[in-house]
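Each of the next two complexes has chain A plus one other chain: chain B in the first, chain C in the second.
And now, the complex of A and B:
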C-alpha cells in the first residue's frame, strides 16, 4: 500500500475533527481546568489543542485503564456464572505525540505475546492513532535516544506535521486512509515543496536535542551483566518516595494486579495498575517479601526497562524518552538521572 | 479473539479435610463434566483459585494427576482470601484458572532414586509427585520420604504419613522440631533424618520443599553430602497474580516464576538473579 501524503489547511481542521467525531469517540489533548494539557474525550471539534506541552498523563489510560473490567461474575442461588468483558468501541486518538505512539506499540507487543491478552488487543484494534510530529522538541524529552521521535517513521495511522498554514498528513494504514476519507474533500496531495519542508523540519528538530540525552548503551551493558553495585541501587533507592508516579505516567509500564470489585453476588474482576516500586508489590501472604528494600525495587524497575535481556524480548528499551518521569519524580530518580548515575558509578552528593 | 486467559472455570468443593488447626485440604471438581475431563496437569504445577469477591491467589496442586476427576489443594489460613476460603463448605463454588507453570520433570526422574524432603506446609506440592510416583512405582528405584514439622499438630496428611510408613518399597522418616505429649518419634530439624537413611547422591534426585530457612539448611547439607546442584530440585513461591507471565509480580530478572518455574533445580536457582 502506497502511503498517501496530503495536506489540509488549518482553517479546515475543525471540520475534519467534526467528521472524525461522527465516526467514533475522539480523544485528544485539551486544556484542563488549571491550564494544563490533558488527554480527554472531546465532544466538539474546537476542543483539541494543536500546540501544547505533552500531557503529564500519557494516553495509555484509554487503552489500559487504571481499573479495567475483564470478567463479570454473577452468583445466583449458589450458582456462579462468569463472562469476559470486552470493549470494542471505535476510538480515535488525535494529536498523540510520537513517543506515545511508540509507547502504545510497546504495550501492544507485550499483550500480543502468548498467551495473547484479548481484552487489551480488542480495544487496541479499534483505535486509530493520529500522531502530531514534534517539529519543536519538548523541554525534557530525549526521544532521539530511544528512536521514538521527534518524527515517526511508522506505527501511526496518520502522522500530521505543522507546516505553518497547513498540516501535512501522511497515512500509515488503511485505518489512517479511512480517517482522512471521512472528509477527503478537505485534503489535497502535498506538493514536492511541502514534502521537502517536512523533511527539513524533521532534520532541524533532530538537531535541537542538546543536552537532553540519555545514554542507554553503557547503562544497558552494566545492568544486563549485573555490574551495578547494590550500594548504588540502595543509595538511589533512598531517594524514592514509593509514590508509584514513575510507573503510572510511564507510557510503557503495564504491571498490574487483579482484584474483585462489587458485592452481593455481583462482582467485576478488574485488572488494576500496580507499581513495582511499592513495598507490597512482591509481598506474599506468608509475610515473605523477596524485594523488601527500595533499592531492590529500583534495580527491578531499571532491569525491566533497560536490560539487554528485556531488549531482546521486547525489541526495544522500555523507555520512549518522553521525559515524564523527570517531571513527576520528586526524588529525582528519573530515567536520565539513573542512567547517568550508572555510567559514572555514583549518585549525586546528598 | 476471546479472553480465556483471565476467565476462571467453576469448580465445586467436594470435600474439606482439616489437616492442622489452620490448614485444610479442599477436594475440588469442575462443575462442567467436559472441563473436568479436559483438565490435565503435572505434579508441581499450580492453579489460580478464586474466592469470588476476594480475588484469586496461586496454590499448588496437591493431588496426583493419576487420580483424575477431582483435584486437591492444601491451604493454610493466612490472609483475607484464605480466611474466606476456609469458611466455604462442601457444594460451594470457587473459580479455577490453570494449570500453570512447568511442573516436575517426570521423565527425567524415571529409573532414578528419589529423595523427598519436605517441611511443614511444603509437603503438598511433593505429595502430588509422591502419589504419582507410587501409582507408577515400577518406573522408579528407591523412594525415600523425609518429613518434618514444627510440632506433631503441624503435620499434614497424617493418615497418609502412616500409609507411607507401612508401604513396602518406601522408606519414610519424620521428625518434629519440638515434641509434645504422646509423641514418641524423632525430635530435631529435618537434617537429623539424613543419618537414618542411606543417601545415594550419584543416582538420586532430591526434591526439597518447605519454609525458606529449612530449604537453605537442607540444601547446604545435601551439597556437603555430595549432591550436585542439578539434582536438587525445589519449587519457588512468589506472589503470582496472572499465572501467564504478564503482571510481573513474580519476575526474577527476566524469568517468570509462573511460566519458567515454579520448579527449578539449584543450578537454575543460582542463575536467577534479581
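And now, the complex of A and C:
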C-alpha cells in the first residue's frame, strides 16, 4: 500500500473532526478547567487543541485504564460462569504526539507476547491513531534520544504536520485512509514543496532539542553488564518517595494487579495499575520480599527500561522520551537524572 | 471518563488532582500540573485515592438499631429518631457531645460544631485527631502568642536551611518531603532530628540522632550555639524572655557538629522548620514544638516572608477542623471560648447564645457522654486509648454515626446516617499551609446517601438550630462570617479552577522564647526508651483499609504480627541475642509485655519504637503518655 500524502486547510479541520465524530468516539487533548491540556473524549469539533504542550497524563488511561473490568463472574445456585469483558468501541485518538504513539506501540508489543492479552488487544485494534508531529520540541522531552520523535516514521494511522496555513496528512495504514475518507473532499494531494517543507520542519525540530538529553547508549552498556554500583542504586533509592508516579505516568509501563469486587453472586474482576516501586508489589505471602529495598526496586525498573536484554526483547528502550517522569517524580529520580548519574557514576552533588 | 479537579483526602499537604470517574464511579487519578501545592506530583496515596470510594463497603441507607439489629429506615424517620433521642437525653440531664473529623470537609465540621453548640447547647465538641495535633499547634502558640502563618511547601523549596523534627517525613508527608528534597538539590542544608536514620535523615547534611523525647535537648544545643553566633542579638528586641533563655542555655555546650548546623541556620536567608508529631505525645510534643519555634524566632526566621514553621499535620483537614471551631475550648476562628468579642460574633451569626465553659475533649467525651454524634471517624483507631476507646464507645447509651464507609463505629451505632465520601461531595478542606481548597463530586451519591453538610443541616433544623443553606457554598459563606480568617476567600475558592486560597493569618511579631526542659527518662534498671511511632496509622483509616493497593502493606503487617511488634536496632538485637520475629519481654514502671521484635537499621541504640497501630498490644507497659523507660530481655 502506497501511503497517501495529502493536505487539509486549517479552516477545514473542524469539519473533518466533525466527520470523525460520526465514526466513533474521539479522544483529543482539550483545555481543562484548570488551564492545562488533558486527553478527553470530545463532543464537538471545536474542542481539540492544535497547539499545546503534551498533556501530563498520557492517553494510556484510554487503552489500559487504571481500573479496568476484565472478567464478569456470576454464581447462580451451584453454577459459576466466568466471561471475559471486551471493549470493542471504535475510538479515534486525535492529536496524539509521536512519543505517545511509540508508547502505545510498546504496550501493544508487550500485550501481544504469549500469552496474548485479548482484553487489551481488542480495545487497541479498534483505535485509530492520528498523530500530530512536533515541529517545536516540548520543554522537557528527549524523544530524539529514544528514536520516538519529534516526527514518526511509522506506527501511526495518520500523521499530521503543521505547515502554517495547512496540515500535511500522511497515512500509515488502511485505518488512516478510512479516517481521511470520512471527509476526503477536504483533502488534496500535497505538493512537492509541501513535502519538502515537512522534511525541513523535521530537520529543524531535531536540531532544537538540548534542554533535556538522555544518553541511553552508555547507560545501557553499564546497566546491561551490571556495572552500576549497588551503592549508587541505594543512594538514589533514598530520593525515591515510592509514589509510583513514574510508572503511572509512563506511556510504556503496564504492571498491574488483579482484584475482584462485587458480591451477591456477581463479581467483576478488575485489572488495576500497580507500581514496581511500591514496597508491597513483590511482597510474598510469607512476608519475604525479594526487592525489599527502594534501591533494588529502582534498579529493577531501570533494568527493564534501559538494559540491552530488554531492548532485544522489546525492540525499543522502555522510555519514549516524553519527559513526564521529570514532572511527576517526587524525588527527582527521573529517567534523564538517573541515566546521567549512571554515566557519571555519581548521584548529584549536595 | 469524567475528570474532576479536587483535593487529596489523605495527608494535610493538600495536593490536588483530577479524580477520574467512569459510569459514575471513581476509577482513576490524573495529576494536575497547575495545582498550587502539588504541581503535578502526588504520593502513592494520592495516586490511589479513587480506590476506597469505589472498592470500600459503603453505607447506602439510613439505619436505626432495633432489637440489636441495624434496620434500614427512611431518612425522615432516622433524623426524627436521632433528634428525638438526643433531646430526651438532654431533658434527662445527661451529657451529649459531637465529634467532627479531620477527614470531613470544613462545611461538615462547621455544621457539626454548630449542631453541638447551638442545637445541643453543649461545648462537648472536638475531633479525635485533635489529640495528636493540638500539642504541636499549642507549642507554636506558646511562642507566637497565637496562630501564625505556616510556611508554604513551595517556599520550602527556595530555603537555604531546613530543620526537620521527624517522624518519617518521606512516609507521612511525601509531598512536603519532595519540597525538602528540591531544596536540597538546590544546595540547602538539611538538619534532621530524630531517633531513626530515616530516608530524610539519610539525605540530610546533618543528622542529629536523639532518643525519643530528647529532641528538646538537641534543639537546646542548636539554640545555644545559634545565640552565640554573631548577629543574633538583633532578634532580642522581638523576643520576650530572651535574657532568661540565654541564662538557661549558658551551661549548654555544643559540639562542632551542632555549632556548624546552628551557623547554617543563622546564616540562612530563608529557613524552614518542620515539626512532625514526634515520639510521645501531649506535653512532650508541645515543648518540642515550642523550642523549635524559639529557634526559628531567635534566628530571625519567624514572622517574615519565605521562612517559617510548618507543623506537619497528619490528616487532610486537621487544620480546617480547628479553624471552624471543633474544639471544646475554641470557637470558629480557633479563638478561645471565653473571648468576649469572638463569642459575640459567633452568637450574632448563629442567632443563639453560646454555652459557656470549656467542654470535654474527645478522650473524655467518649468516657462520659450518654449521647454522641460521630462524624466520619473511628475514635478507637485514632485516639491513643485504642481498645479502651472501643469499649467506651460501646457503652454509650445513644451513638450516632455519620459516615460514607462501614467502620467499627457504624457497627456499634444506634443510628447510622449514610453520607458522601470525598469523591461525591462538594466542600472545602484546609491544608497544613492554611490553604483552603475545593473538594468536588466526581460522581453521584451511592444509594440513599446524602452530602454530609445536608444531613447535619437537617439534624440541626430538628434541634432548633437550622439555617437556610441550599448548598455547601452557602455553608462556606456562613463560615466566612463566623471565622474571620476565612473571610473574603470565597471569590478565589469558587473561581472555577482549582479553587484555592490562603487564609488570612496574622504574622507573629513578638515571641515568647523558651528553652526545652530536659529530663532523663532512662535509669540503670530500665535503660531503653520505648515510644510510639508518632506517625498517623493510615492502616486503620477506611480510605486506606478499603483501598486494595494501599492496604497491602498495612494488612500484611497486621496479619504477620497479630500481637504487634517493636522495632529494635540491629546492634541491640544482636547484643540481646534475638533475631527478627523473636519475642522480648519489656518491663516498665507500669507493667510487663511480651512482643516480637523487628530489626530496624538506623534506629538509635537503646530505643524501641512501636507502631501506633499496635499500641494496644503494649498497653501493659506503655499507655497514653506514649513514651516510657523499659527493661528488655529475651523472652
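What we mean here is this: the second predicted complex is superposed on the first by the 347 of 350 C-alpha atoms of A that agree within 3 Å, B and C clash if a C-alpha of one lies under 4 Å from a C-alpha of the other, contacts with A are read in each partner's own complex, and residues count from 1 in each chain.
Note that in this section a contact is a pair of C-beta atoms (placed from the backbone, for glycine too) under 8 Å apart; a residue touches a chain by one contact, two chains touch by 3 or more.
Treat the numbers as computed from the prediction; the structure is a model and nothing was measured.
After superposition onto chain A, partners chain B and chain C are found to sit side by side with no clash.
Of the two partner chains, chain C is the only one touched by A:35; chain B is not.
Of the two partner chains placed around the shared chain by superposition, chain C is the only one that A:244 touches, whereas chain B remains out of contact. Of the two partner chains placed around the shared chain by superposition, chain C is the only one that A:329 touches, whereas chain B remains out of contact. Judged by the touch definition given at the top, the superposed model places A:283 against both chain B and chain C.
By the touch criterion stated above, A:164 is placed in contact with neither chain B nor chain C.
Using the contact criterion defined above for the overlaid structures, shared-chain residue A:307 touches chain B, although it does not reach chain C. Look at A:115: by the touch rule set out above, it reaches chain B but stays clear of chain C. Chain A has more of its residues touched by B than by the other of chain B and chain C.
With both structures placed on the common chain, the touch criterion links A:259 to chain B and to chain C. In the overlay built on the shared chain, the residue A:65 is in contact with chain C alone; chain B does not reach it. For the pair chain B and chain C, the model built by superposing on chain A gives 7 Å as the shortest CA-CA distance. On chain A, the surface touched by chain B in one complex and the surface touched by chain C in the other have residues 257, 259, 274, 283 in common. Listed in rising order, the residues of chain B touching chain A in the complex are 1-8, 10, 50, 52-57, 78-79, 81-82, 91-93, 95, 212, 237-239, 241-242, 244-249, 251-254, 273-274. Chain C contributes residues 1, 3, 5, 18, 20, 22, 27-35, 40-44, 46-47, 50-51, 54-55, 170, 174-175, 177-178, 181-182, 184-185, 187, 199, 202-203, 205, 496-498, 548-549, 552-553, 556, 560 to its touches with chain A in the complex. Contact residues on chain A toward chain C in their complex (touch as defined above): 32-36, 38, 40-41, 56-57, 61-62, 65-67, 238-239, 241-245, 248-249, 257, 259, 261, 272-275, 278-280, 283, 287, 327-332, 348, 350. Residues 70-71, 73, 75, 78-84, 86, 110-111, 113, 115-119, 121-122, 226, 254-260, 262-263, 267, 269, 271, 274, 276, 281-286, 288, 290-291, 296, 299-300, 303-304, 307, 309-310, 313 of chain A are the ones touching chain B in the complex.
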